[in-house]
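Once you've had a glance at the structure underneath, I'll fire off some questions.
Just so it is clear, A, B, C, D and E label the chains in written order, and each chain counts residues from 1 on its own.
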Amino acid sequence: MITIGVADTTFARVDMGGIAIDELKKIGTGFRIERYTVPGVKDLPVACKKLFVEKNCDLVIALGMPGAQEIDKMCAHEASTGLIHVQIMLNKHIIEVFVHEDEAKDDQELKFLAERRAREHALNAYRLLFKPEELTRLAGTGQRQGFNDAGQIR
Amino acid sequence: MITIGVADTTFARVDMGGIAIDELKKIGTGFRIERYTVPGVKDLPVACKKLFVEKNCDLVIALGMPGAQEIDKMCAHEASTGLIHVQIMLNKHIIEVFVHEDEAKDDQELKFLAERRAREHALNAYRLLFKPEELTRLAGTGQRQGFNDAGQIR
Amino acid sequence: MITIGVADTTFARVDMGGIAIDELKKIGTGFRIERYTVPGVKDLPVACKKLFVEKNCDLVIALGMPGAQEIDKMCAHEASTGLIHVQIMLNKHIIEVFVHEDEAKDDQELKFLAERRAREHALNAYRLLFKPEELTRLAGTGQRQGFNDAGQIR
Amino acid sequence: MITIGVADTTFARVDMGGIAIDELKKIGTGFRIERYTVPGVKDLPVACKKLFVEKNCDLVIALGMPGAQEIDKMCAHEASTGLIHVQIMLNKHIIEVFVHEDEAKDDQELKFLAERRAREHALNAYRLLFKPEELTRLAGTGQRQGFNDAGQIR
Amino acid sequence: MITIGVADTTFARVDMGGIAIDELKKIGTGFRIERYTVPGVKDLPVACKKLFVEKNCDLVIALGMPGAQEIDKMCAHEASTGLIHVQIMLNKHIIEVFVHEDEAKDDQELKFLAERRAREHALNAYRLLFKPEELTRLAGTGQRQGFNDAGQIR
């Protein structure tokens, strides 16, 4: 059976992994879920690699909430670089769902943003595995996850 | 038969993938096209890798439209690094066609730029596969894709 | 027997490796420890790789104290990138415990921070190996190592 | 026979590849040259990899002229990272000859700089292959390619 | 017999490679030295890789003197990233000895710094190979190479 991995962190201030799992279950069936929680975003690349090779995942959703400081931006960059590296080693997608603390004006907006981005990217993950033609139909339409879509330029 | 991959995103605000395909068909024959659409530019490296190993592509055109903010620049950098990594793993070209939102002064110019750059790079892709001697003839002549050529220094 | 590696530096101004070992011994049993000290943080990636392949470590804690200048930030970035690379080569965790000199307002706070972060990450290392379910229970709760936890957004 | 690859771009505003080839022919014999022209500097890493594995090159000179804007600096960085990666994959040298547009005060100086740097690095390439002892003799003497040598500190 | 590689550049303005070799010979015996000089720091990663695989080195000291400009900082970063990559490919240490031109206030201080750092890191290299327990004894004591030690926080 298709297996979707969910890798998340104890650093995040919202249970993004739990939300992604909730959304996946609402979207469809035909897959099972493996969850793996690590301390921070820099632990996510190997967590994803382990989900692929030890838990036979077909795709992983990697969720994290980098802080607002310069050093946090660098951590997020290092994590993202690692996530891309894992993907091209294995030819499997990792959907990165990062919400930066300074994207939101306060805690409530941060929570809203984290939840909505996690849910919308859970749908992207589902589409990549089960309905890639839906993504092709949306090509070049300015989709965004979390805040409003930018839309296609007419 | 030679296969050209076209990897694009739902994030872009112009259907750059569709435009590249349109241009390829105008330029020549002797190849078929495989298209793969993913959410954003950071998903492009693995998309290209999959096009090479799962769809037998000989070259991939990877198109995306990174946003104007600092974080978007970093995403583009991570994507580009991954695209180069895939190329050197497989000894195959990926023609990166990125248009940054802040390269244009308004939506209409952005659309114009995205279309023209996609078309001009489709020609580069074709040349790499079928007419590399045309590129050698243009060596050091200040070619640009999108805006006007810079030209050779006399 | 499970083996935990501890890689540290002569550059750090606090014996972070010794503190991590002390904490590991307080936390539990069922593992042995291998320590390897190198000059600076840029030597840590290969130190960890050697601990994994030459000393059969199952997880490594890598501790360092990058300086406050721009060049030191870059060294830390290069080290972190290498640490992530080693992890995904081997499918093993490296818990990075870096304390930047400019995170603290004076030497005493720096020492306090280095000790507390080393101890809290020793616990994270233990959990990854022996009690991963404890980390899942803490997912999205805003854990921090060193300073106070940020906490979950309600 | 020893084969020297020359990888250059259509983006450059001076025929740096042609100049490097001209210089190589003046310097010596005992080698043949393979040239490969690609659109821009980000295409150079895979071009070099192909020259090594498909054309049996023993060393490649990679020439490019990154633009003056921030985005161009990032492209050059990504290209350089890829060029180093190719070298360590294959244990072969790539002599990178990049001239940044903002290194020169006007077009004529840029042309002068591009030509002189290409010629001086062609000599470096030749030395690495045929006369490495000449480089050892120059160790620590402040050699520069293009502008004047900095010289050794007495 | 244990072999120590010394990789240096013609770009440096002080014969750092020669100094490191001089120091190694003063420190001890039981090893032989292989020297390899390349044009600049970006050529060092492959130089080290070649010293390991073609000359059977057990450890390499890589010495360079990056310039003071932004572009030089980037070159140093790319070189460092490559040096770490080579180390984790081969499980061998490369002791990077870089002196940035702007670390010193004038040429004489630069020369002093380059010499002292090269000598102190030659000792680190020797310890890694022959006396690792000396490094463990110095863990967390704020060692510096070149300028004065920072010392341990009491």
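Note that a residue touches a chain if its C-beta (ideal position, glycine included) is under 8 Å from a C-beta of that chain, and two chains touch if they have at least 3 such contacts.
Since we're looking at a predicted model, the values are computed, not measured.
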Steps in the shortest chain-to-chain touch route ending at chain C and beginning at chain B: 2
C-alpha-based rotation, chain A on chain D, 0 to 180 degrees, nearest 5: 145
Approximate Å spacing (C-alpha centroids) for the pair chain B, chain D: 25
Whole-Å gap separating chain C and chain D, where each centre is the average of the chain's CA atoms: 40
Going by residue number, chain A touches two or more other chains at 81, 85
If every chain is a node and every touching pair an edge, decide which shape results: line, ring, star, complete or other. ring
With chain B as the start and chain D right after it, run through the chains round the ring. B, D, E, C, A
Which residues of chain D touch chain B once you look at their complex with the stated criterion? 8-18, 35-39, 42-43, 45-46, 49-50, 53-54, 71, 74-75, 78-79, 81-82, 85-86, 89, 107-108, 110-111
Interfacial residue positions of chain D with respect to chain E in the complex: 73, 77, 80-81, 83-85, 87-88, 91-96, 100, 121, 124, 128, 132, 135-136, 138-145, 150-153
